[in-house]
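Each of the next two complexes has chain A plus one other chain: chain B in the first, chain C in the second.
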Partner chain A sequence: MGRATSKDAQALIHSLRSAYAATPSSLKIIDLYVGFAVFSAIIQVVYMAIVGSFPFNSFLSGVLSCIGTAVLAVCLRIQVNKENKEFKDLPSEHAFADFVLCNLVLHLVIMNFLG
Partner chain B sequence: MGRNYFTILKVLSVTLLPILSLSFSTDSPTDRRLLVLLDDLSLKSSHSIFFNSLKSRGFDLDFKLADDPKLALQRYGQYLYDGLILFSPSIERFGGALDLADVLDFVDSGHDLIIATDSSSSDLIKSVATECGVDFDEDPSALVIDHKSYAVAETEGDHTLIAADDFIESDVLLGKKKIEAPVLFKGIAHSLNAANTLVLKVLSASPLAYSANPNSKLSSPPSLTGSSISLVSVVQARNNARIMITGSLDMFSNRFLRSSVQKAGSSRKYDKSGNEQFVTELSKWVFHVRGHLKAVNLRHNKAGETDEPAMYRIKDDLVFSVEIYEWSGKSWEPYVANDVQVQLYMMSPYVLKTLSNDKKGLYHTSFKVPDVYGVFQFKVEYHRLGYTSLSLSKQIPVRPFRHNEYERFITAAFPYYGASFTMMAGFFLFSFVYLYHK
Partner chain C sequence: MARSLEGFLVLIVAALIYSSAVASVFQPISDSHRSVALELFTPLEGSFSSLAETYEALRTFEVLGIDKKTDINTAACQSVLETLGSSSSALKDLFYALKVNGILKCEIKKDVFEGVTSRLQATVSSAGALLDFYYSVGGLVIIKDQTSKDDLYLADAEGVFGSIKALSQSDGRWRYNSNNPESSTFAAGLALEALAAVVSLSSSEIDQSLIGATKNDILKLFDSIEKYDDGAFYFDEKLVDAHEHQGPLSTTSSVVRGLTVFAAVTSGSLNLPSAKILGLARFLLGIGIPGDAKDLFNQVDSLASLESNSVSIPLILLLPATVLSLTKKDSVKVKVNTVLGSNAPPLTVKLVGVFRSGSKDTSLVEGQELKFNPESAVYALDALPKSVDVGKYTFVFEMVLHDPDHSYLYATGGQTQIPIFVTGLVKVDSAEIAVLDSDLGSTETKKIDLTGENTVSLSANHLQKLRLSFQLSTSLGHAFKPHQAILKLTHESKVEHSFVVGSSGKHFEINLDFLGLVEKFFYLSGKYNVQLTVGDAVMENSFLKAIGHLDLDLPEPPEKAAQPPPQLLDQKLRYGPKAEITHIFRVPEKLPPKELSHAFLGLTLLPLLGFLIGLLHLGVNLKNFPSSSVPAMFAVLFHLGIAAVLLLYALFWLKWDLFTTLKALGFLGAFLMFVGHRILSHLASISSKLKSA
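Here is the complex of A and B:
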């Protein structure tokens, strides 16, 4: 392979962007949601690094809610994506109902552990 | 009330317990009976000033010869006397039912003892003293000799009559008034057992004293020399029995009590030796007129409440109080000191506070229970020279927070609360958007 040039990097980004533009909008909404959850988790970790971990259970509860939300959204995205051969026969409503139930359990746990 | 208690106790002790001592009973501390054992009854008159001072303080003295065949300290398991004075240096064997073990049991049960011996001391008296923590010189002909601190007499003596003024510094033992004149001493030396922590030197010999036979030339350096020679020692046992031991029976005699004294090398002549003040004050201490403390009413409660809880919670505020009194010979007076401390103890003290007193005997303080849970003890340990030791403890458990006693809505955790709630809101909004977008 030849030297990697900035032109190759630009070509790479360009192709990624155009491929991503082709994804269905429902998946893009899920991606946005995951990004929001991870961003919130990062903010909390930075805050704990500054202030210290005094109510450690509250910190864990907050971070867990963000990460758990992100994980459940990713699972929804996998199950709903039409290009996934594994979940071809799973109706997307089924996937969404699972998503809602798991989130309810997650938030119940969070509220208890928040202290 | 005191007499009633006495008779009930007598009946109980005969029927129930083998030896119930009435040593220094806090309910009937006056009218105490002393057994005085003498070598010969002329001591009654030659030491009459000392004995009369004891009688005037309310003691009943029972004079007996040390080899009296009817001698007994206890009958039917109950002690007949509250204190023992051994003024019988040359007795080889006690008469009657008394022996060394009996005397030691007497002291072990909390009774007081005064031992005075002199150059005719027998091995029996020396072994009583050894058991109490004091070792007399083994040489039977040795006396304390001091060529610098002897008492000046008309005839040129052999410097065995000592004028001693090296007293221990203690108001409790020797009284508030300083003893100005030196104390006349003529007798044998003893030293303290170095391993014993309960024995104190009240009057020590000067650094130039030594213990040897005055009539013969010294063949080798004497074994007891200098300030390690104690002339008068006291022992305060852990059960608060008090023992006074001295090697000079003449120190108590009328002759020494009334005599004038002039220490060699000093021009000051005292009309009266310090003996009377010394033996009177020290015998007051031995028989518990000074320095006998009692602590009652150890109480603790939560700040703001009055009853004692069975358990505390961590980080509670509590108030602790105890009352300490000192026996003054006639009544219990409030004890005033500023160094009594209380500990909250579980394997090691978590809290150590000095109690403040209100000058009427009540000591109190307040502090916060530490952040550790477990079974603690309130401990008051008070050991001071010349005073009875106080060792009080009261057990108290401390529990952690109940699940509804923790802090809620901690300010530092608001970002985490915020994050959790925004996640919930976000989930709600997302599900709407996901389901109804075009």
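Here is the complex of A and C:
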């Protein structure tokens, strides 16, 4: 049973990888960006875990900026994905403009909260 | 008789006007002035630093009658000879040298005087400033007196008079020169002296209108006189000058000098009220003994001017003793002198009234005359009036001159008020102390002898009361309220409690209810010393008597009772240093070590690197970048705009505040919107064309 599950897991991963290779490169860029953001957030959390949360507002703004931008990138990915029937009529440039605008507002708030 | 009666009535009215005045005592010049003068005017190394100071010292000694010291005199004469002989001496030095010579009468040769005279005459004709006139004309007058040169005259005396007069102001003050608009009362005094000197130096009569105008100036100057409540009048400068500010003493003495000198050389009276002249004398005497050499000189010199002046000579009434004892049967003695202490003209001193201090009720005595003793020059009453008891009084005296013409020459000032203390023995009797029960009456009443040495001992508990009573009466039988009537209880542990003994009329009584005082006494039971203090300034037999002991039984203190204050063993420890206070500051936050922070900073940049490497791996390219110029420009501007906004955020974090940021962001945002719209719509149109195609 164990061997079967590990073989299944391997097969699952393999199929995922091949399916992923088929995604358009613009979506891959967005995925990479999300990964970068999340990774930054994780590093900040680890730092806080080590040294304590003294300027708590700084920690919050750092982490929330990463998480926020990741969320906005995910929204962009949803809207740009051609396979998504809901957003068929929305031009991707429109979605991109929304992404840029929301990011700028998010970062203004983050900078104010950074202290 | 009628004259003195109506004068008396006028003076009553004057007294009513001055009724709120505070009485003061003005002493004429005495030996203490002489000793202080010798102390203050001690020159360094045998000679003074300037001729002006030498003159001040010598004039003070002359007025006070101190014998001149030969070493000062020789040094001074030396200095005088040098100054007068040199042709380059300053005008001020020449003036003071001549003044010093006037006192010392050094041996000066005639040709020296001739040289100085010609120099001063030249200065007079070319002078413009007040001080130049003052020194030159003043010097010439001194030379005229000393060498008794009757033919020394000013060339154009009326012209000089007019030039000095031209510097006067409409309020009676004088300017120092025609350029300076500031006028000063001190300068007025100098100007009057200078004008008097001009009058003595003129060969013919000066025009009476000029003299009359100067007299008017003096009257106007006296309008600006100021006064204190005790009847002293003085002059003061209104504005504070940049260089020396002349205080009230030097200003007043300058005016007094100028006034008396001018009145001496002009005929006719000045019509100045004698009360003001007396007030000036009171001001000068009221200073007492000044501690400064220049102040002493000013005081003494102006008093000498007032001593025998032709305006009005002030007469000072004073009592050598202002504390009179009833037991010793002291009597009221009064002396009347001039300001420098010489005898007064024949006059009568009347005691107009005696009033209790603080109340202006009717006088306690009728008006009486004091008897004059010619040998000791003292006016005395035989005995104190009978109705005068112990206490503080104000005696009101009045001087009446025998010769009616003298009233124009002397200033007596109407009524003079002198505060007098009358002391005497106060009888203390019927002193009793008792311990009372609340309803049963006294358990033990003991008589105390407050004059003897016996002590009583009592005992009480907290339910009882202590009563102390006694009677005070003066020798005339009136009630007497002393300044202090205090009962003090002291515990064995040195804790003290004081109570004021209340009174009604002659009877003094205090009731201590221990039930209410238990907390105040800190629940301390035990032996208490009882002490009574009765005292006053006019009571000759004030006493502090230890009456005896009281054994007081108080209940046990509850848990939260106040503790008695710690009694210091040594009184000196009360003022010793206190414990030092250490301040606790907020401990700063613990920050992580710098290396750790830097390491994580580097670590945070890792994902960015990973992102860029990943992008390269994916094969990103700029193929979709528009090639034609206009869209390319917009594309570039779009990216630059985003970069600019990010830079704006960085600046916001570093130094700007939200409002400046928002302002800048508004502009940049609008620009970015416009550019972004253009490029993105361009890209959208391209991709839709591709789709449709």
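The criterion applied here is as follows: the second predicted complex is superposed on the first by the 110 of 115 C-alpha atoms of A that agree within 3 Å, B and C clash if a C-alpha of one lies under 4 Å from a C-alpha of the other, contacts with A are read in each partner's own complex, and residues count from 1 in each chain.
Basically, a contact is a pair of C-beta atoms (placed from the backbone, for glycine too) under 8 Å apart; a residue touches a chain by one contact, two chains touch by 3 or more.
Quick caveat: nothing in here was measured; it's all calculated off a predicted structure.
K.L.:
So, on chain A, is it clash or fit between chain B and chain C?
P.N.:
clash
K.L.:
Return first, second, both or neither, reflecting whether A:Ile50 touches chain B, chain C, both chains, or no partner chain.
P.N.:
second
K.L.:
Tell me the contact category for A:His94 with respect to chain B and chain C: first, second, both or neither.
P.N.:
second
K.L.:
Kindly classify A:Ser15 by the partners it touches after superposition: chain B alone (first), chain C alone (second), both, or neither?
P.N.:
Neither chain B nor chain C is touched by A:Ser15.
K.L.:
For A:Asn84, is the partner it touches chain B (first), chain C (second), both, or none of the two (neither)?
P.N.:
Neither partner.
K.L.:
Which holds for A:Asn112: it touches chain B only (first), chain C only (second), both, or neither?
P.N.:
So A:Asn112 only meets chain C here.
K.L.:
Kindly classify A:Ser40 by the partners it touches after superposition: chain B alone (first), chain C alone (second), both, or neither?
P.N.:
both
K.L.:
For A:Thr23 in the superposed arrangement: first (chain B), second (chain C), both or neither?
P.N.:
In the superposition, A:Thr23 touches no partner, neither chain B nor chain C.
K.L.:
Check each of 9-17, 27-35, 297-305 or 441-449 in chain C against chain B and return the one that clashes.
P.N.:
The overlap with chain B comes from chain C residues 441-449.
K.L.:
Under the contact definition given at the top, report the residues of chain A touching chain B in one complex and chain C in the other.
P.N.:
Residues common to the chain A contacts of chain C and of chain B are 25, 29, 33, 36-37, 40, 43-44, 47, 51, 54, 96, 100, 107, 111, 114, listed in rising order.
K.L.:
How about chain B: which of its residues touch chain A in the complex?
P.N.:
Touching chain A from chain B are residues 406, 408, 410, 412-413, 415-417, 419-420, 422-424, 426-427, 430-431, 433-435, 437.
K.L.:
Any idea which chain A residues touch chain B in the complex?
P.N.:
Touching chain B from chain A are residues 25-26, 29-30, 33, 36-37, 40-41, 43-44, 47, 51, 54-55, 58-59, 61-63, 65-66, 69, 73, 96, 100, 103, 107, 110-111, 114-115.
K.L.:
In the complex of these two chains, what residues of chain C are touching chain A?
P.N.:
Of all residues in chain C, those touching chain A are 589-592, 596-597, 600, 603-604, 606-608, 610-611, 614-615, 618-620, 642, 645-646, 649, 652-653, 658, 661, 665, 669, 676-677, 680-681, 683-684, 687-688.
K.L.:
What part of chain A is in contact with chain C in the complex they form?
P.N.:
Touching chain C: residues 25, 28-29, 32-33, 35-37, 39-40, 43-44, 47, 50-52, 54, 91-94, 96-97, 100, 104, 107-108, 111-112, 114 of chain A.
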